[in-house]
Amino acid sequence: MNYHWDWGVFFKPTGIGSEIYLDWFMTGLGWTIALALTSWIIALFIGTIIGVARTLPNKIIANLAAGYVALFRNVPLLIQLFIWYFMVPDYLPESLELWFKQDINPATSAFISTVICLGLFTAARVAEQIRTGIEALPQGQINAGLALGLRLPQLYKDVLLPQAFRIIIPPITSEFLNVFKNSSVASLIGLMELLAQTKQTAEFTANLFEAFTLATLIYFVLNMSLMLLMRKLEKRVQVPGLIALGGK
Amino acid sequence: MISIEHINKWYGDFQVLTDCTADISKGEVVVVCGPSGSGKSTLIKCVNALEPFQEGRIIVDGISVGDPQTDLPLLRSRIGMVFQNFELFPHLSITENLMLAQQRVLGRSADEARDTGLKLLDRVGLKAQAAKFPGQLSGGQQQRVAIARALAMNPIAMLFDEPTSALDPEMVNEVLDVMTELAQEGMTMMCVTHEMGFARRVANRVIFMDKGHIEEDCSAVEFFGSPRGERAQHFLSKILHN
Amino acid sequence: MDFSNILPALPSMMDGLWLTLKLTVLSIIGGVVIGTLLALARLSKYKFLAMAAGFYVNYFRSIPLLLVITWFYFMVPFIIGWVTGTNRPVGALTSCLIAFMLFEAAYFCEIVRAGIQSISKGQINAAYALGLNYRQAMQLIVLPQAFRKMMPLLMQQSIILFQDTSLVYAVGLMDFLNTARSRGDIVGQPHEFLLFAGLIYFIISFGASSYVTYLKKRTTV
């Protein structure tokens, strides 16, 4: 089999506008980052609520939250994505359904579906970490907060969550990195994020080794930078005497 | 001020408190002692409802602790509590530890809370540590801060749950000194402790518990002079010889 | 919603499920074997070996599985062509299997490494003191203990792997999800079939992870 190596391929014009292939990668990276960050915000917000709910004394609420976690952790991400993208829109109120299917462009609808899907999927994992973090705190901290007259919401907001967040930074970092990797499923519903752009470049140029090598490099560098960023954050909020839970 | 009436409490099938009755009047200092597992820590936690109980009544300043209608956070904010493991909030500085509940619970302004906190910190001799974090203080210092934190709420009574048993021996006295001073100022105090020296010097009354029962409830003089029960005698001879 | 068409489609979906399970089991076996070798390499006294294994693990852990699946789908035929000099096409199943084994090995490696490190140095010393060599010490003393300890984590990773096999959709392999989807399209009830597929994945994953939780509880008591 003949293979024509050409590492300069990224600087060649794509033939579409004045773009070179590197531009495709950058556009893709932009989508990947936008997907991941938006999903992460949703995941942190909902994950915190679910995680807190799992530790509440009210058994009904705690069980509902546990059900959420079990459901979203045991159905493959891709099925969840298909449900959000292909199925849910059919059951929306008519005006919303038309808006989703006709008014907005396909990239936007794929983006919305992926963000909801990844956000809720990751929320289940974040919730588990939050719960672990809260349960790792000594009962005495809860007693001390209550003895001072704090009410339950205040106890969580001022005493438990600030400590739990600090000790779960290492394990939650890996969830943060996972969002970036998992966002690649968006390529399967036609969103031109990094992986989709890579595939497209490979198909256009036939230089698939170069294309995929560049893509893995971008993911690798992205991953390492995010890890460094999280380490910095960890140092920054570090408090003497508080130890972090071991990360995986 | 605090009246405990016929309290019964079970963990599952196991009865931890059996028919406990005691009264603590205003300005009184009562030491609760007994072997470990006798239920004394559980009893003191019932007073501010950190532990629920199944039968009996506890009335604090005219309010029934076990009544579901009672606003527990409000009641708890009026009773100070000091814990065995200090339980300062490790993510907050010493000043913030002192300010948190004043602001959140009593609605004091930041300035007012800081002033009150620093005044009390000065009183326990730790003004220089205000900006540090709990993890940077010794155990004895942390426990003094914890006392100051409780006092900042202007409590009508103070509960001490083995305040010195997690401390290295050389730090016990700095905490006991603060407690003694507090007692002399007329604070109502209920103290679970093994410090018999403190009990003899400071306490008005001693309650001796064993296996969930209150075995003795008498004046300190009486208790140390000639405890009536055999178990109390045994306990005293053991603890005084160590 | 009308689920009545699912029953007649079950036999063909069973074929898909069979492929999914085959993919899962073979990938676990390959992944654990390669992962164990990688873990031994990472803990090796030969600096270069340890570094190379470390790089492998970090590299695979920082890229998406979907990228690896797609890349290998394109690449494996080329490489086999170069190596064997022939031009025989390789199916998506082979390329996916290789992708899963190599990718999961990075994750299994970290679990095995932690497992080995949790065995006390005294055990290794005792093995050496009895005259065992490195291979015997690892094979007879350390690894059996380590594997017992890390069983829950290995199973948890395997459950994730089971769910991730659905990503072979990207290269058109007819696994359980893909079969269900195509059957659903044929009868014009894609939603019902999608939900049914989700339910089956859920039952298997949830059942397996409940068992892991049970195992964990039993071993910690």
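Each chain gets a letter, A, B and C, in the order it is written, and its residues are counted from 1.
Criterion: contacts are C-beta pairs under 8 Å (C-beta built on N, C-alpha and C of every residue); 3 or more make two chains touch, one makes a residue touch a chain.
All values reported here derive from a predicted model rather than from experimental measurement.
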Let me check something: if the centre of a chain is the mean of its CA atoms, which chain is farthest from chain C? B
Chain nearest the overall C-alpha centroid of the shown protein atoms: A
In whole angstrom, the CA-centroid distance of chain A from chain C equals 22
Between chain A and chain B, what is the separation of their C-alpha centroids in Å? 47
Per the C-alpha means, the centres of chain B and chain C lie apart by a whole-Å value of 55
Multi-chain contacts in chain B, i.e. residues touching at least two other chains, fall at none
Touching chain C in the complex: which residues of chain A? 1, 3, 70-71, 73-80, 82-83, 86-87, 90, 177, 181-185, 187-188, 195, 198-199, 202, 208-209, 212, 215-216, 219-220, 222-224, 248
Within their complex, state which residues of chain A touch chain B. 138, 140-141, 143-151, 154, 158-159, 162-163, 166, 239-242
For the complex, which residues does chain C have touching chain A? 59, 61-67, 70-71, 74-75, 78, 81-82, 87, 110, 163-164, 166-167, 169-170, 177, 181, 190-191, 194-195, 197-198, 201-202, 205-206, 209
In the complex, chain B touches chain A at residues 45, 48, 50, 72-81, 83-85, 87-91, 100-101, 104-105, 133-136, 149-150, 153, 159
